[in-house]
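Input: one structure, supplied below.
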Amino acid sequence: MSTNLAVSTQNLGRVYRAKKREAGSGKEIVALHGVDLEIHQGELFGLLGPNGAGKTTLIKILTTLLAPTSGEARVAGTDVAKNPWEVRRHINMVSGGESSGYGLLTVEENLWLFSQFYGLDWKTARERIREMLKIVGMEDRAKTKIYHLSTGMRQKMNFARGFITDPEIIFLDEPTLGLDVQTSRVLRDFVKNWVRVRKNKTLLLTTHYMQEADELCDRVAIIDRGKILACDTPSNLKRSLNQSSVFHLKVDSLPQPDSQFQGLKGIQSFAHHQHNGLLELSFIVETENALMPILASIERSKGNLISLEKRQPTLEDVFINLVGRGLSEEP
Amino acid sequence: MIFRKRVELFLRTVIGRAYPRLIGLQRERSWLIFDTLLPLLQMSAFVFVYRAMQAPPEYTGFVVLGGAMTAYWLNVLWSMATQLHWEKENGNLALFIMAPTSRMAILLGMALGGIVATSFRAAAVVLVGIFIFGAHFSAERIPELIGIFLLTLIALYGMGMLFSSLFLLYGREAWHMSLLLQEPIYLLSGFYFPVRSLGYWTAMGASIVPITLGLDAMRQLLFPRMMQQIKFLDVRIELLVLAVLGLVFLFLAQRSLSYMERLACQEGRLTVRGQ
Amino acid sequence: MATNQRAVENLRSLRMAAWLGWQIESNWTDPFLFAIYSVIKPIAGALILVFMYMVVAKGGLSNPLFPMIFVGNAFYIYVAMVLMGVSFAVVDDRERYGMLKYMYTAPLNIYFYLLGRGGAKTLIATVSVLITLAFGALLFNLPIDIASIDWLLLVTGLVLGLLSLAFLGIFLGGVALITARHGQFTGEAVAGALYMLCGAVFPIDVLPGLLQAISYILPLTYWIETMRRALLGSGSSQILSQLSNLELVGVLGAFSVGVVILSVLFFRWAEHRAKEKGLIDMQTNY
C-alpha cells in the first residue's frame, strides 16, 4: 500500500442485523459491499450518492465509530479496526444536522471543551476558536448559550469544532445540510482553501448535492446501495458521457413515465422526477436521432412538452447513467 | 505518545468534562430547589416517621446521614450511570469516542463535577439535620470519618463509572435499570436504619454497594454508643473493604468501558438515537 | 372550530399519547423482566418502612400505627409515578426524542397529550399498589378485609386523588418547560417532598405548626386519609378524624378542582414564557 495514502479501503463491507425485539428480527441490511477506495494525502475527495447509499456508514467506519463486518480500512496508514486510538489522533469529523454540545454552555465554552479532549493548550485553543468563529461569521455569538442558537448557527459551530483541532484528515458528512446559500458558499470556500493552503491536509466530503461535489472535489466516488460505481475526477466522470447526448425535458404530465420509454432505441439511461408541478425527464442517448421517438411517445400519451434542452453532462447525469435513476429519487 | 503528554491530555479531559457540571450549578439555579430543597423534605419524612414511633434521638442522625448519602447515590445513578446514554442522545458520545483521549478521563470529569455539585446538597442535608432536627454527632474521630467518606465516594463513583460503561450500549434499558436500583438500594444499604437489622448475610451481600459499608462505618464513628449493639463489621475492616472495592470498581470500569465500546462499535449502536 | 372536531382531536391526543407512553414504558425489555421490575420497586419501598418498624417501634409490626403507614405508603406509589409520567414527558420529548416542537405544531391538545403519556405509568402504579397491599396483607397481617372495604369511598377517593395528581403533573410539566433537565427528576423530587408534607408515612399530627398548615392545603393529605379509611376503616390523624367521610371527600374534591384550575393556569403561563424565551426545543445537558 502506498505510504502517501490518507485513506484506503479494501473490500470493505458492513452488514446490519436487526435485534431480537426489533421488527424483522434477524434480517440483514447490507449497508456497504466490497468498497475499494484510495484517497491521497492533500486530496479533497468527494463521496456522492443519494440518501441511504452508504456514505454515512463509510464515514462512521473511517472515524472508528463503527466496526466493519468484512474487509479492511486504513486511515493515516493505520487499520481503523485494529488500532482506533492511533487513528483518532489524526482525524476529526463534522456531520450535517449534528446536535452535539452542552446546552448550558456558550459557543466558545463548548468549543473549548472539545478542544481539551485533543489536548490543546488553553492559549492555542482560544486563538483557534476566535479564528474559526470569525471564519464562520459567529464572532458575535461566542458568548451565546448554544440552546439559543438556530439550526444553521449550531451547524456552523460544529463546523468550527471540527477544524479547531487542526486534524490531518477531516471527514465532512453532508456539512452544508440545511444551511442557507450564502453560509454554504462561505464554508465551501473555506474548505477549498483549507486543503489548498495547508499541505498534506486531506478532506473527505460526503454529499448528495452534485454541484458541491463538482465544485470542490479533486476526485469523486459515486456510491449507491453500498457499492462504489465509479471513481475519478469530476471532469473525467463527465467526459465518460461525451460520446452521448444529454436531453432535459419538462412535460406537464405522463400517465406511466417509468414504462413509457422502455424499448425505444438509443436510450442509454433515463430518469424522471416531479418538480414545481411539472415532470422533469432526463435522457442520456447514444445519438440525437433517439430524440424523435421520445417526443413522439410523449405526444401519443397526450403529454404537453413545456421545454426541451440539450446540455453538457453533469455529475447527476453520470449518476443517472450508472444507476438508472436520479440522485433525488428513492432507490 | 510520551508519558507527560498523556498525563496532560488526561487532566485536560477531566477538567474539560467537569466544567459543564460546575458551570451548570451557576447557570441553572433551579437545581437548588429540585436537587436540594425537595429531597431534603423527603429525608425529613423519615425523621418524622421515627418521631411518630418515639425512636431514640440517634435515629434522627441515622436518617440525616442516610439522606446526605442519598444525594450521592442519586447522582451516581442519574448523572453517572445514565449519562453516556444522554450523551448518545445528544450526539456527544460519537465525539467522545472519536477523540484521542481516555474515556476514563471523561467519566472522571463527570464524576468530579458531580461530586462537587452533590456535596452542596449533602451539606445542606447535614446542616438541616443539625440545626432543624437537632441531630447530634460525635466528633471524636474526624480524620477516620473523612477517610471513610472519601473512600466511600471513590468506590461509589468507581461503581458509577462501571455502570456508565455497562449502560453505554443500552437505551431505555439503562434508564429503567437505574430506576430499579433506586429504592431496593435504599433498603439494602440501610439508608434509613442500621444495615445489621437486615441480618448478617443480607448485609454482607449488600456490601457490594459501597454506601452500605460507608454508612455503617460513618454511623459507628458518629454514634459510637448507639451503634455498639447494631454495628455490622469493625470500622477497620470496612475501611479495607471499601479500599478494595474502589480499586476493583475502577479496574472493572476501565475494562468494561473498552469492551463495551468495542461491542457498541461492532453492533453499530454508538450513534443510534431515540432508543 | 366545531366542538365535535375539537373533541375528536382531544380524544385522539389522549389515545395516541397513552399508546406512545405504554410503548416507551414497556417495550424496553421482555415481559418477564418487566414484571419483575414492576414488583421489586414497590416492595422494596414498603420493606424500608417494615424494617424501620421492626428495628424501632414498640411492638414492632403490631404497633397500631403500622397498618396506617403501610397503606399510606402503598398508595403513595401513585404519586411519584403519575407526577413523573405526566411531567417527564415534557423533558423526554424535548431532550431525548427532540419531538416536543412537533407536538406543539401538531393539531393536538397538549393537556390531553401529557395526561395520556402519564396513563401508562398510572396503569403500572395501579399494579404496584395492588401488589404492595397484597404483600402487606399476606406477610404482615395487614387488617384489610375485602368484605368490609368501603368501595364507594375507595373509588370516589381514588378518582379524585388521581385527578389531582394528574393535574399536579401538568403543573410540573409547566415547570419542566421553563427549566433545565437536572439529574433528579422534577416529578420524583416533588413527590419526595410531598411524602413528608401529606403525612403518607406518619400522622400529620406530629408535624410542626407551619408544615402542618401546608399539609392542610394539599389534596394528597385528604386523599391518603380517604384511602386509609376506605381500606382499614379508620385514618391515622387525630385532627382529620373530626371530618366525616363525606366531609373528607368533599374537601378532597374541592382541593382537586383547585389543583386543576391552578395547574392549567400555570401551564399556560409557562408555555407562554417558554415560547417567549425560545425554550420549546432547548437541550440543557450538562
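Note that the chains take the letters A, B and C in the order they are written out, and that residue 1 is the start of every chain.
FYI, a residue touches a chain if its C-beta (ideal position, glycine included) is under 8 Å from a C-beta of that chain, and two chains touch if they have at least 3 such contacts.
As the structure is a prediction and not an experimental result, all values here were calculated from the model.
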{"item": "Central chain of the complex, centres being mean CA coordinates", "value": "B"}
{"item": "Chain of greatest Cα-centre distance to chain A", "value": "C"}
{"item": "Centre distance in Å when chain A and chain B are each reduced to the mean of their C-alpha atoms", "value": "45"}
{"item": "Where chain B and chain C are represented by their mean Cα positions, the distance between them in whole Å", "value": "27"}
{"item": "Rounded Å distance between chain A and chain C, as computed from the means of their C-alpha atoms", "value": "50"}
{"item": "Where chain B touches two or more other chains at once, by residue number", "value": "20, 23-24, 27-28, 90, 92"}
{"item": "Sites on chain C at which at least two other chains make contact", "value": "98, 180, 283-286"}
{"item": "Shared-contact residues (touching 2 or more other chains) in chain A", "value": "99, 101-102, 104-105"}
{"item": "Residues of chain C touching chain B in the complex", "value": "24, 28-29, 37, 40-42, 44-45, 47-49, 51-58, 63, 65, 69, 95-98, 179-180, 182-186, 189-190, 192-197, 200-203, 206-207, 283-286"}
{"item": "Chain B to chain A touching residues, read off their complex", "value": "1, 5, 8-9, 12-13, 15-17, 19-20, 23-24, 27-28, 90-92, 94-101, 106, 262, 265-266, 268, 270-271"}
{"item": "Residues of chain A that touch chain B when the two form their complex", "value": "14, 16, 60, 63-67, 84-85, 88-89, 91-93, 95, 98-102, 104-105, 109, 112-120, 145, 161"}
{"item": "In the complex with chain C, residue positions of chain A that touch it", "value": "21, 99, 101-105, 146-148"}
{"item": "Partner chain A, residues of chain C touching it in the complex", "value": "27, 30, 98, 180, 278-279, 282-286"}
